[in-house]
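One structure is given below, encoded as structure tokens.
Labels for the chains are A, B, C and D, by order of writing; each one numbers its residues from 1.
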Amino acid sequence: MNIIGIESYLIIGLVLFLIGLFTAISRKNIIGIFMGIELILNSSALNFAAFSRFSARSLEGQLFSIFIIVIAAAEAAIALALLLSIYRRFGDIDADKLDSMKG
Amino acid sequence: MTMREFIEQYGFIIVLAPLLGAAINGFLGKYIQKRSGERAVGLIANASVFISFCVALAAFAAVWSAEEDAHTVVCYLFNWLNVGALRADVSLLFDPLSAVMVLVITGIGFLIHIYSTGYMKGDPGCYRFFAYLNLFIFAMLILVLGENMLLMFIGWEGVGLCSYLLISFWFTKQANAQAGNKAFIVNRIGDFGFILGMLVLYSLLRESVFTGGLAGVEAPSLLSFRFLEMNIHLLTNTELFGISAATLVCLCLFVGAAGKSAQIPLYVWLPDAMAGPTPVSALIHAATMVTAGIYMIGRLHFLFSMSAAALQVIAVIGAATALFAATIGCVQNDIKKVLAYSTVSQLGYMFLGMGVAAYSAGIFHLMTHAFFKACLFLGSGSVILGMRHEQDIRWMGGLKKYMPRTFATFLIATLALSGLPPFSGFFSKDEILWQAWKTGHHGLWLMGFISAGITAFYMTRLVILTFYGLNRLHLRPSQDLEHDHDNHDHGRHDVRESPASITAPLIILAFFSLVAGFIGIPAALGGGNRFEHFLVPVFGHHASAPHHDPMEYLLMFASVTVALAGIAAGVFFYRIRPELPDKIVSRIKTFHRIVYNKYYVDEIYGVIFVSGTKLLAKASAAFDRYVIDLLVDLAAYVLRVNSYLSGAFDRIVVDGLVNGAASSFLFSGEQLRRLQTGKIQAYVMLLLFLIVIGVSFAVIM
Amino acid sequence: MATMDNFTSLSSFTAEIFLAGFIILLLAASFFRKNRESGMGFAYAAGIFGIVGTLLFELQGWTADNNAVYLFYGMLRNDSLAHLFKLLCLLSSLLLLVFSLVSRETNRRFDNTAEYVLLILSATFGMMLMASSENLLMMYLSLEFLSLTSYMLTGFTDRDAKTSEAAVKYLLYGGIASGVMLYGLSLLYGITGALDYASMREFFAGHEVSGIILHISIIMVMAGMGFKIASFPFHSWCPDVYEGAMTPFTAFLSVGSKAAGFAIIIRFFSQIFGLETTTKLGHTFDWQTTIAVLSACSMTFGNLAALQQKNIKRLLAYSSIAHAGYILMAVACRSQLGVTSAFFYLSVYFLMNFGAFLVVIIISNELNSDMVSDYEGLVWKNRKGAFLAAMFAIYLFSLTGVPPFAGFIGKFYLLLSVLEKGRALYWLAGVAVLNTVISFYYYSRILRLMLLSRRLKGADLSEMQRGDYLPYSLMAGLAILTILFGIYWTPLYNFSRLAGMAMK
Amino acid sequence: MEFGIKELIFIFVAAMTIVPCFFVAFSRNILHSAFALFFTFLGASGLYFFLDADFLALVQLIIYIGGVLVLLLFAILLTRNIDNIRKTNAMAKNRAIAAGAGVAVMFCILIYAFVISSRPFSHAENAAYPAVTIKALGSLLLTKYLLPFEAVSLLLLAVLIGSLVIAGRLEK
């Protein structure tokens, strides 16, 4: 068994995904949550690249990863803008305090 | 062009005319009324129903004169939907059953329209009222004439909608609004049964049609009544959820029928619906809409005949309703409420008839009841008008000399309802009771028999309190201010006979209450029971060949006796010894209170349904708010359990045991309140957990 | 199957090209404007022009001959389903623009109209791609296209705290949901080794696949798609965002964005796994049941949670969750009739939900509030109130599914398509019928408040004004169509059948 | 099992990806989290090199580290006073425990699924794979994936405008 194989990548990707999910749920800081989302996206990109190399043997997976990275960047830009407006209004970026709408 | 061809081609006019009337009054009525007065609005509405009535007569003639084997006339309009295995046409089905119904609807509908022109005089919303009324006639005709169950369902919903609009017509009183809502909601429960029954029937039939042998039919109209009747045998051996398919479907449909026709346990809306204008009560809540359930059972009698169990349920519920509602009727003080409970009770009779498979007897009673109950309601409307919107019979009395025509018609209809011989009610009610006895349901017969006596009693009470003795209007407690038209300066001198537009329909209806029974004189009395013969093409020969059973005479005699006894009791208690009832009431106070409050059924429903619904709603709102956090907390607790297992366990259990369930609810409420809500990550948590559940499910499978 | 290369594809892509070109033009034009305050009328006019132009190109490009065309090397598949969903989405955007013109929220105190319109047009572009994408990458990309523009549109004004809150919640939830979906997509890619739906289908036809991994990946993919259509359990963002966003945009989210999401779901499942069960699949995998369960949960949950809502937008949000459940029911049928009824219902839903939201917008313009209790005695206030109440009643009746209205026919087709599939899905039909009964309670609560209560609570309505004919005629038009399609729906059904026939 | 210098480096890179993750997840200081994220991104980039995805690795470096991470740092610095930065990244304890449980269950299930599904991911092992990907990627981007390429550029334009408006209105 080769250690640089599909299994290693799958496990790394899975760990990244789950830690990202965990971070996104447990953090109070919106930026922290967003870091979790970035981890999730990274894990998917890694998975795509790995599958592209080991499983499909075509470059389409890599291309998918590139697009994921680009979208992630765009999402980060929007997140920053919204974050600033939240900060202006609430003076805080605690996700738990954003609960004026409920029920 | 023969009558038959005429109906085949132009039969749709019956349906179209009221629709047109409704459209004209609905869209233009306001201007017409402003420009030409209410008379013009009324005229349009009356004319449209009259046209419809004339064509209905023609249709009746076409069915009547039809050849031996061609009693069904179909007026095909257009293909309505054609999808998958389902094909449904918009076409109208005329056969003896629907012809009778159409005549009743348009005929009585027309009379009530005339009456309404008098009754609604001076109301600014007159045009709206007539538009709804016409729309109702339209929907009712669709219900009756629809050639398939879907079309029937459209009409079924339509009449519900119109009745909702009409009950709530006078919005000024909060009670009306609530009554309208109650009617609609109870009807929705019934509709649920109807839809469910229809869907189950459809899918089962579809299965057997495609698997079983059915040749030569392409794109069958699975829900068309003719198709159903011919192919219903395919379902004989089908079972669903362990009971026979026919029983299941019939019970579902019966829930629908019970909702529409106000049977136990869904009758609660009908008495409340009396808050609407009186012509509406007469038309919808006595003569037509409430009989839709009976009509539906008659229409689908071949289906119901397949399930003895369902018929048994129907018969028992019918008889129980008849007795139950009659007892409530005895102690009501509102003139319309008395009549409403009487309607519920008479509908119970009809269901009893249907339940013992005496379909034509049930339909016969439906027809005669339509006449005399409409007459009674309209008469009560006349009284209410005369009394300036006083509805409480305790403050009436002595109206005989002020309103002679109203009194005479009311009396005739009362005698018909009480089931005295030559009046129409006698024949139809007796037929049902006899059939119940003959088919071996002696217990049910007894219930019907007793309620016949009670009916005679409370109707006598109503007549005596309203029309005899002295006027008691001045006795009315003055703080009773619940009516808009309340004035203290008007007295009994103002009471006078209603105008001709009101009394004329009364007289016509009274006439029919008197004579309508003659078309169904049983063979035992030398008649041919023409009505039943007319319906034979629909229902077949359910009754065995007439042989003169002496029992039949005996029962007839018994029921006349019990009716007379009821009347005599009424006269005795309310005319000869009027102080007795109060004494008796004070003797049996508790029981009287229970009956007077309608056995507290409304309250019980209130507790069960209203708070049940509220609880459900609260729970579901709480679900979104709390459950996500609950998941969070649950998981947390599970992992922390070793730290304070004993303490928490003790507290919860001991608390629970000591303070009972309430405190544990409080406890969990505290737990839940402590949590914050509206948090985005809690939402993600829900997502995570459900994905975990889904994924583990995938692995386990 | 004709696959076109990039250049030849352009001829079948005129509508999108026009829209993209128009976006860039509008951007350039907005740079040259001096007075930003006065540009509102110009911007809306330009936006409406752009959408209408795209609509015309779209209609012109559609020959209705049912021939599916694969564009851009199989990246997109232009078929009747795509065309119909594009039309629906374009009409939603058009109504969004008109509503924005009417609404107080986007009409006054709003000085970035040009950018607002640009974002709407971009979102429309994303939806058009969603309707026809036939490749995992394209699907993901167009989904994100719509999502990202939606986040920005939700938080576009700083009207009050709720708007920013809603936008951030939307962004975070959407980011996580689409991340989960991406992980699922990567597994799917790993299994099949292809991104094109067609190649994936071929793969599934030729290989035995372990059900577990496939099932896991489909569940994860459903997270992203369910997020878009707001179905349980991916619905949680929906009430908050609906409440916080500007009402015209809420209306758009509940119809246009949902329709686009359904286009993706229908395409994904029917193109990869095939509608009829002829395609041989890994043994244990059964996506139908998964979707059926989601559908049942979604409608039950939405309806129950709606029962006690006090904010009308929130109520409509829960109602829209329930409606997503109804439509998913048709998807779970896995048949052409299912696709047909899904589209049919979506277009009916388009009419009635937009209508309902228009009433909400007008009322909120007047009373500056979205509470259900403000509707008390509406019909009695004045002529305007009576008109609004009558219209609202029609839409609500239709949403309930009472016969003479289109909503009934839509529900009827949905139920029919479920029953056609035989006993396995009977339970779903039962749940759906029960749910329509439940849903009546909260709709009737509003009806009762509006029609049957004569207490004239709250502020008075202003009289109808001459200049206001636009929203009222629009409202009446939607209501008339709602009734018309309830009585004679054959044309709509025929169109929807084209959508169904495009899927095999 | 062969174990050479290449494997050693791989393990190092993998550790560099995964270990900082836990800092991202558990650090109480948001700046520390951000720095940990830097190493994760760097590690992922290294993993891409191992996958023969040289261009992808560069993209990861440039966009993630040069773009996203910088944006995140901006966000941190714009929204917080520097002096109380130590307490910036608090965790909701109950939620963390629950999420941890959920994530752990999911980990077990997915690993189990990967194991028992008998290598469903390697069906085309023998197909050719290009050693240098930039050229191939470029031609793919300009032929089959031209449409997504153009679409994403339009999306970036829209995002640019939108975030400018949303962020820019704060000036007033």
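Everything that follows uses one rule, which is that contacts are C-beta pairs under 8 Å (C-beta built on N, C-alpha and C of every residue); 3 or more make two chains touch, one makes a residue touch a chain.
Being a predicted model, the structure only gives us computed values, none of them experimental.
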item: Highest-count interface - the chain pair sharing the most C-beta contacts; value: A-D
item: Distance from the mean Cα position of chain D to that of chain A, given in whole angstrom; value: 6
item: Centre distance in Å when chain A and chain B are each reduced to the mean of their C-alpha atoms; value: 61
item: CA centroid of chain B to CA centroid of chain C, Å; value: 40
item: Interchain centroid distance [CA atoms averaged], chain C/chain D, Å; value: 31
item: Interface hub residues of chain B, defined as touching at least two other chains; value: 621, 624, 678, 680-682, 684-685, 688, 691, 695, 698-699
item: Residue numbers of chain C (touch at least two other chains); value: 137, 141, 144, 148, 152, 155, 158, 168-169, 172, 176, 180, 190, 193, 212, 216, 239-240, 308-309
item: Where chain D touches two or more other chains, by residue; value: 92, 95, 98-99, 103, 106, 109-110, 113-114, 121, 123-124, 145, 148, 152, 155, 159, 162-164, 166, 169
item: Topology of the chain contact graph, where touching chains are joined (line, ring, star, complete, other); value: complete
item: In the complex, chain B residues that touch chain D; value: 631-636, 638-640, 681-682, 685, 688-689, 691-692, 695-696, 698-699
item: Partner chain D, residues of chain A touching it in the complex; value: 1-4, 6-12, 14-16, 18-23, 25-29, 31-32, 34-36, 38-39, 42, 45-46, 49-60, 62-63, 65-67, 69-74, 76-85, 87-88, 93, 96
item: Contacting residues of chain D [partner chain C, same complex]; value: 109-110, 113-114, 116-118, 120-121, 123-124, 143-148, 150-152, 154-155, 157-159, 161-166, 169
item: Chain A contact footprint on chain C (complex, rising order); value: 136-137, 140-141, 144, 148, 151-152, 155, 158, 161-162, 164-169, 171-172, 175-176, 179-180, 182-183, 185-187, 189-190, 192-195, 239-240, 243-244, 308-309, 314
item: Touching residues on chain B, where the partner in the complex is chain C; value: 81, 83-86, 153-154, 157-158, 161, 168, 171-172, 176-177, 180-181, 184-185, 188-189, 191-192, 195-196, 199, 202-203, 206-207, 613, 616-621, 623-624, 628, 678, 680, 682-684, 686-687, 690-691, 694-695, 698-699, 701
